[in-house]
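Paired with subunit B in one complex and with subunit C in the other, subunit A is shared by the two complexes that follow.
Moving on to the complex of A and B:
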């Protein structure tokens, strides 16, 4: 970890309009939870739907994508990363610091609001809120390194990430349950499923398979990102 | 005193060769890397800066490889070409951050020293995004100088600068070199390189075309056949007279007029009007047809 890199990354992420972008989605979730609760629409079926589809299925991957790619992608695109890389700091440290910043942002803007929304909607019923809190946490730890690595590999990281999250996980996941086997969302839901007795939560992947897959995504993403950054090639305008 | 050493360095992308078998040694003082756009200058600088592995050959700084060697940056300062440099930070915050990244014992003092060096202290509290091109270039210089490196690489530092900014930066680079630093900068403008560099390396189409001080490079560039396009009232008669006089190596009767290959630039321009007058031919147009830097350079490459 390097405090200077972390501080610069936080400023780049939060200093500009991107902060509003980060804030909009979790705010929507919380407002929805409060409205549902106030209008009595917070029965367990609806609440689980909101947490599953909105919190885990949409906000988590989108924020992990924005934060995970945002901490390093733009800097690589415009060449600014050269200022950080031309220092006697191992590139592993550079990547892990950026990753930690991204993860902290996902925690603040997706995991914590998701947990709060769960508590507002379900209180302590059947452990639904903590179960989804845990799912969001492990999901964040898997999504973020994958998206950060993607940003080091490709200038089209955001597009690729969106295609994965929207097409593969959301669309294909609905039509072809088999796609769930390769879906961070389903792995995260498997964790929620295991932690709650509510029958509404149902994952297509077993916990025994989900845990190693989540670990592989988290560690694999970080390792790939480091390897790629070590050999990052900048060719310039020519 | 530090030395950059390139030995048989090539770099290719798929089937495209960007740099082809370049061997050069860059020592203390100012070295200019001269070549037309797209010649491979940036590719070379990126290899010297550790952002590109040579496909073959070695790039060493004081005997150490630069690729995959973060320790090398204690001795190396790089001023990249892109203008963007953390626009949301102020100049002072930026240079201070660079000092901290170098883990200098007193980053604050080092940052102030570097800011003073490039005369940016008065504007140091403004955001970099509000700076002019020249100021951005100087703050980038300060960031590269903050750890007082013996080697400085500058990629097209004069691009887009106005003449006054250019002179300021030249003075600064000269001062840096006078302290015994090894400085390499790239440019596609001969005059810039001539004014600043004690030593010039010419790169054309990825090849190392020439090497020497500016006098040698000048001589190489003027000692070549010069092509002129001449239009006159009687091209055929003029062609006969030029060949008869011996001031030109060849004359071709083309559609546009005469294409003359002169051996001696000065003598030819002096002789042509006389030859024309003696032959009773009226000159309409005399134009050098290959004065672009590219053609000058390609001559150097062909000669090798």
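Moving on to the complex of A and C:
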């Protein structure tokens, strides 16, 4: 960990109007939760739908994508990363610091609001809120390193991440059960499924398979990112 | 005693034909259309747009194949529904390519170079917008054409109905291209940092659609059909669907649409306002960038 790199990364992520973009997504979830609660639409079916489709299915991957790629992608693109890489700091430290910043942002803007929305919608019924909080947490820990590694590997990281999160996980996951097995979203839902007694939560992957896969995604993403950053060369812009 | 003179050092004047402003705008338009597809750029700029275009037409080909194999005309997808079924692909396309047009010049501070030529900000911006709309029209209309031609080959019954639906769906595709392109470009020009533009555009499309679908599901569940219909005004794909259903006589594709001819007119007005607003946002941003 390096405090200077962390501070610079926070400034790049939250400076000017960028914090608003990060804030808008969870705010929408919370507003929806409050409105549903106020109008009495917060039965368990709807609540699980909101938490599953909106919190775990949309906001978590989007924020992990924005934060995970945003901490390192733009710097690699415009070559500014050279000023960091030429300092006598191990590249491992550079990547892990940026990863930690990204993870903290995802925690603040996706996991905590998701947990709050769960509490607003369901209270303590059947442990749904803590279960989804745990699912969001493990999901964040798996998505963020994968997307950060992707940003070190490719300039099209955001688009590739979108293709994976939206087309592979959401569209194919619904039609082809095989695609669901290779999906962070389903692994995270498996954790939620194991923690709650509500029958509405259902994952296509068993917990015993999901936990090692989540670990592999988190550690593998970080390791791949470090390996690639070690031998990174900067080519011309675009 | 002033003896200063301007020396004629023999440069020749240009007195050939001048190509004029129309030529400038046309060149910018062509350049921007090429930029969307990554033509004239390295291969890695071409990968994404063409991959997404392939993903966009693949279901149409598969569907036509299914019609030909099974000989069942009802398997053919509705032309007007295609862009809505594949709205995720259209959204990713506009999210990944709108920043190419809307923010690359801003990021590298080269806009003043364009305005040192005889082109005003408005035609400049309109050329960019038209290029985005053209690319999106290609994305949405080509699969519909594939479906229609496939239907002709499979000799589906009621050819005249199909022709009418096909032509109206093409109008719908044009409207999709205008609305989606406008929203995408406006959001992209406001977030010039690389990566953020893509994320901001996709967030606008995805979340508006997801929230509207959720509200419509809940409203229908509680038999509040007017709320379910009116929610459609708040997501771009639903907005165009309202126009398609109420003004172009298409079948409903979204979860719910509001009743009556007047709601179609309202949706069309909202589309026009969206396009006008987006052009205004682009104009203001590029004019400001051109002054610095």
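Here is the rule we go by: the second predicted complex is superposed on the first by the 235 of 238 C-alpha atoms of A that agree within 3 Å, B and C clash if a C-alpha of one lies under 4 Å from a C-alpha of the other, contacts with A are read in each partner's own complex, and residues count from 1 in each chain.
The definition used in the following text is that a residue touches a chain if its C-beta (ideal position, glycine included) is under 8 Å from a C-beta of that chain, and two chains touch if they have at least 3 such contacts.
Since the model is a prediction, treat every value here as computed from it, not as a measurement.
K.L.:
Both complexes share subunit A, so when I overlay them there, do subunit B and subunit C fit or clash?
P.N.:
Overlaying the two structures gives subunit B and subunit C room side by side.
K.L.:
With both complexes overlaid on chain A, does A:78 touch subunit B (first), subunit C (second), both or neither?
P.N.:
Both subunit B and subunit C are touched by A:78.
K.L.:
After superposition on the shared chain, which partner residues are touched by A:2: those of subunit B (first), subunit C (second), both, or neither?
P.N.:
Touch status of A:2: first partner only.
K.L.:
With both complexes overlaid on chain A, does A:54 touch subunit B (first), subunit C (second), both or neither?
P.N.:
A:54 sits against subunit C, while subunit B stays out of touch.
K.L.:
If you stack the two complexes on chain A, which partner ends up touching A:231: first (subunit B), second (subunit C), both, or neither?
P.N.:
In the superposition, A:231 contacts subunit B only.
K.L.:
If we overlay the two complexes on their shared chain A, which of subunit B and subunit C does A:199 touch? Say first, second, both or neither.
P.N.:
Touch status of A:199: no partner.
K.L.:
Return, as a multiple of 10 degrees, the angle whose vertex is the Cα centre of subunit A and whose sides reach the Cα centres of subunit B and subunit C.
P.N.:
For this superposed arrangement the angle is about 70 degrees.
K.L.:
According to the stated criteria, A:89 is in contact with first (subunit B), second (subunit C), both, or neither; which is it?
P.N.:
first
K.L.:
Classify the contacts of A:163 with the two partner chains as first (subunit B alone), second (subunit C alone), both, or neither.
P.N.:
After superposing on A, A:163 lies in contact with subunit C but is clear of subunit B.
K.L.:
Can you work out, in whole Å, how close the C-alpha atoms of subunit B and subunit C get once everything is superposed?
P.N.:
After superposing on chain A, subunit B and subunit C come no closer than 9 Å at C-alpha.
K.L.:
Taking the contacts subunit A makes with subunit B in one complex and with subunit C in the other, which residues are shared?
P.N.:
Touching subunit B and subunit C on subunit A: residues 78, 237-238.
K.L.:
Help me check something: in the complex, which residues belonging to subunit A touch subunit C?
P.N.:
Those in contact with subunit C are residues 17-18, 21, 24-25, 28, 32, 36, 41, 46, 49-50, 53-54, 58-59, 62, 65-66, 69-70, 73-74, 77-78, 151, 155-159, 162-163, 166-167, 170-171, 237-238.
K.L.:
Any idea which subunit A residues touch subunit B in the complex?
P.N.:
2-5, 7-8, 11-12, 15-16, 78-80, 82-91, 230-238
K.L.:
Spell out the part of subunit C that touches subunit A in their complex, as residue ranges.
P.N.:
41, 44-45, 47-48, 51, 55, 88-89, 91-92, 95-96, 104, 108, 190-191, 193-196, 198-200, 202-203, 206-207, 210-211, 214, 217-218, 221-222
K.L.:
Quick one: which bits of subunit B touch subunit A in the complex? Just the residue numbers, please.
P.N.:
13, 18, 37-38, 40-43, 45-46, 49-53, 68, 70-71, 73-74, 76-78, 80-82, 84-86, 88-89, 97-98, 100-103, 143, 155
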